[in-house]
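For reference, the structure is listed below as structure tokens.
Naming follows writing order (A, B, C and D), and every chain is counted from residue 1.
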Amino acid sequence: MASLATQLGPLKLQNPIMTASGTFGYGEEIANFMDISHLGAVVCKTVTRAPRAGNAPPRTCETAAGMLNAIGLQNVGVERFITEKLPYLRQFAVPLIVNIAGETIEDFGLLAQALSQQAGVAALELNISCPNVAHGLDFATDPVLTEQVVAHARAATHLPIIAKLSPNVTDITLIARAAEAGGADAVSLVNTFVGMAVNIHTRRPRLSNISGGLSGPAIKPLALRAVYRCAQVLGIPLIGIGGIMNAQDAIEFFIAGASAVQVGTATFVQPGAALEVIQGLESYMDKYAIASIKELVGSIITT
Amino acid sequence: MASLATQLGPLKLQNPIMTASGTFGYGEEIANFMDISHLGAVVCKTVTRAPRAGNAPPRTCETAAGMLNAIGLQNVGVERFITEKLPYLRQFAVPLIVNIAGETIEDFGLLAQALSQQAGVAALELNISCPNVAHGLDFATDPVLTEQVVAHARAATHLPIIAKLSPNVTDITLIARAAEAGGADAVSLVNTFVGMAVNIHTRRPRLSNISGGLSGPAIKPLALRAVYRCAQVLGIPLIGIGGIMNAQDAIEFFIAGASAVQVGTATFVQPGAALEVIQGLESYMDKYAIASIKELVGSIITT
Amino acid sequence: MPQRILAQIIEQRELTPSHYRLRLAAPEIAQTAKAGQYVHVLPRATHSFDPLLRRAFSIMRAAEDAIDILYRIEGRGTALLARRKAGETIDVLGPLGLPFAPLTTHNILVGGGVGVPPLVLLAAQAVPEVRIQALIGARAATEIIGQEDFRDYDVPVEVATDDGSAGHQGLVTDLLERQLSQSGLTGQGLTVFACGPLPMLRVVAAMSQRYKVPCQVSLEENMPCGVGVCNGCVVPVLGAGDDYGNYRRICVDGPVLWANEVNWGHYSGDSC
Amino acid sequence: MPQRILAQIIEQRELTPSHYRLRLAAPEIAQTAKAGQYVHVLPRATHSFDPLLRRAFSIMRAAEDAIDILYRIEGRGTALLARRKAGETIDVLGPLGLPFAPLTTHNILVGGGVGVPPLVLLAAQAVPEVRIQALIGARAATEIIGQEDFRDYDVPVEVATDDGSAGHQGLVTDLLERQLSQSGLTGQGLTVFACGPLPMLRVVAAMSQRYKVPCQVSLEENMPCGVGVCNGCVVPVLGAGDDYGNYRRICVDGPVLWANEVNWGHYSGDSC
């Protein structure tokens, strides 16, 4: 049997497949469809300091092989997260990565601090790349701010820190290196691409927020390229995200240089998608006699 | 009957539907499938100063609702273009927009000059955004260079100039404004998004060039958003490009602010796609009693 | 507990060129489904990622280990669904959502267009003691849905059509107004259950409030996941909402809500 | 002149679980198709954009206003195609590409796997005077393509299978080597026509050159448009190439090329 164990800096995972933030809620619902403890890790919906109501509906819209969303970081806020959501998530024998977002650098520090004191939090993912809230993209489009926010969070916690980056930039390697310089243990690539759709009968945008973030198979080639490029220049591990629907897709990301991947939109289509990816990955590794996932990571041949 | 006539600065078109560069060759083949003279304009494959062999195969690869290409600007060069291709294209009663690309600012000036002296050239589209050649993206990712190259071409020709921009940037409005400042009569948005795909059996990239440009329905929401944002800030007309497969798609671009559109990848699927878009647009305008396409352009309701 | 099953198509019946009734072999769903619940159906082939997401359809019938849905061709997903033939299998998740509240002594079911199906199941699952009146609205006689089903369950039906080709010419809400003003049952264990287009539901909700009759509405929104994890399907509610603010996810906390819970003033309901 | 037609499926015959033979009503194509030409088929529904592009298949038979193609399930497109049933229509562009050169006095046809179909049409369109020998390579006996068709045309066939389950155990190029070394026909109006996997074609090309026998090969590349406008389908050639450099578009200037035109050293042929 192939070994799927992987490592993201200090964070050890039994396998490299995790859920993507915002596509798994806080686990309560998906637990009806799969055994969460078989995952490599779970990443829960972004938590902010104060509760957020999110954007007005319509919040989502399907596009060709993809979807737009403008949820607007609807969440219960960190206090209720700790009292109401964390106890549930803590019970699974699987690392919990809490995804956090703030409006200011200080917000990230305070959230990191608050969550570090809680049992059952394995790592923090900094969402500095949400396209659906005011100033959501300010950090991840600016290398200086990226480095600062990561460094600030770094100082506030002993937990491993993952910086989640935006693909809506001219050169993502600059941002990834800034995250590394700021002390990130890993980066996750990518958050959604900003897009929109128009109802030609009403002449209105299909989302109340006008624009939204594109996810799903449509973006896979773009996400894969971001991972590949960053893998060439980074000294820290990468988590690949974007359009992963099955094991084949995940394997492309490993070969391009990702040490782990997150399954997002696929979970909407198949609530158990992430587990199917694990199974398919095992079959592939068996077929090609790959003993450890580490042999696969970054094994792309370009000569 | 609705009037489809539109105007791109000094350039008058009988309708707002054109072919996209690189998806129409020089017209010889598509003429077997449709009456080219019914189009609003034709845009031919990029022409460079010297002939270019292009990239090694494989050059294309299908992705979810899209395709990657890395043709690498294969073309006969401007001299043979003028002697061998232009006479054929000139015979159609439809404006010909010649798409040009150079490696330096001077190249663009020389190409503009050479083509200005030819009968039958209605306008020039500056391809400053090809992702598949070395330095292809240098111009369109930098507002200063964009302004310079447009200004240089502007000085070299009396023809209308359209700057074709890249979506692979943090803020496309900055680049579009730079093109406007340089004297462009219009901008066309967008060229392809940089992406890649990996063959998990050989662990090689699916394109010999490693990365390629993503086109087709997958990118439509992203292209539409680029057009919408630029329409808010520009004083010159916009041409929308990206994933337009049918009239509905084209209409979304008009509503978002495009004065004309280009049909690209759709032509690969249906060689007569552009004409079908014109027919569908006419039906839509008749259905909603829209007398002129100008009423539609930028008519998006966001309140 | 919702299940994901590959259900075989028993019958795909074309009712009109744009209306189909699909019967699926789905014992796991048929045995537990309650009126108001829906299934989430993947219309595409597994070899294609477009259209990407599932589509929601109310369960219209749940008997003999099979379920029926009735749908209208709206766009790409329903167009693809209509091409599927008996014998093929289809990926279905269900039953999902919270069902209608229990029927009361007297009940008026108000259905518009393809909003009728869940009301048919509500009537089918009624105990004999309750009294039910069904009101159906449609564009034209050919598009009336559920009339025969209600008759099979001995539920009296009144019909309204836009073009007057059957029943009352006008809106189904005209029929409701008549019922409410004439029946004298308001305040006597009468409940209204409604499903249909948003403009209809608005009127039904306002009318029920005016007559002080409790009213349940089954709502629609784009539903990416159907299981409560995306927060995409929310509608604005008065008061507390769900866990996440002044919105409620209609996929798991609906699709049926009490009309007086909905924040109608902030609900535009434009969906894509 | 290539045509775009919506062709009705006359028959979809499953030869093995992964090989299908599809007969399409396509008079416009059937009446003009020449051996070596292909059709470009859209496997998806019009309501879906994935998979996006057409797929190329050689024309295997063109008679009675119908064409046959024979295909193996390779990926998503062919998997979708195999789900289409008789009576449905399918969007087809063709005939496309340049055909094989005319047959000479003596001819050896070398086909590997699903490369056999165009050679079957080549034999069918032969005038009685020419002499033809067909060599077929396959993985196993069950996957041999075209054997009966060749027999119908009175063309002698030799077979090679990887597993020895029929004919010679080994490669079809073993059979070719035997023919070339024994026939004594080299230089006497003998031509080799080959279609199959790239490794096979390489060997056939090299062998034909060694024996100084003219050889035509039918090549494959990803073909976005099939009509010559995208420049996506090029293969490297020696000498002038097409208009655009040292490459030739095999969709319109092929798929058949003379083996000595191809720049085999620069042709990796990895396709996606």
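General remarks:
By definition in this document, contacts are C-beta pairs under 8 Å (C-beta built on N, C-alpha and C of every residue); 3 or more make two chains touch, one makes a residue touch a chain.
Because the structure is predicted, anything quoted here is derived from the model rather than measured.
More contacting C-beta pairs link the chains of B-D than the other of the two pairs A-D and B-D. The distance from the centre of chain B to the centre of chain C, with each centre set as the mean of the Cα atoms, comes to 46 Å. Separation between the centroids of chain B and chain D, computed from CA atoms only, is 35 Å. As a whole-number value, the distance joining the C-alpha centres of chain C and chain D reads 53 Å. Contact of a single residue of chain C with at least two other chains is seen at positions 49-51.
Looking at chain B, residues 64-66, 197, 202, 204, 216-217 sit in touch with two or more other chains. If each chain is drawn as a node and touching chains are joined, the picture has every node linked to every other. Residues 44-45, 47-51, 76, 79-80, 83, 85 of chain D touch chain C in their complex. Against chain A, the residues of chain B that register as touching in their complex are 63-66, 68, 141, 168-171, 193-198, 200, 202-205, 210-211, 214, 216-222, 224-225, 228, 243, 248, 251-252, 255-256, 284, 299-302. The touching residues of chain A, when paired with chain C in their complex, are 22-25, 28-30, 32-33, 45, 51-54, 56-62, 64-67, 69, 71, 74-76, 84, 197, 199, 202, 204, 206-208, 216-217, 245, 265, 267-272.
Every residue of chain C that touches chain A in the complex is listed here, in rising order: 1-2, 4, 42, 49-54, 93, 221-222, 224-236, 243-247, 252, 266-272. Taken in their complex, chain A has these residues touching chain D: 64-65, 217.
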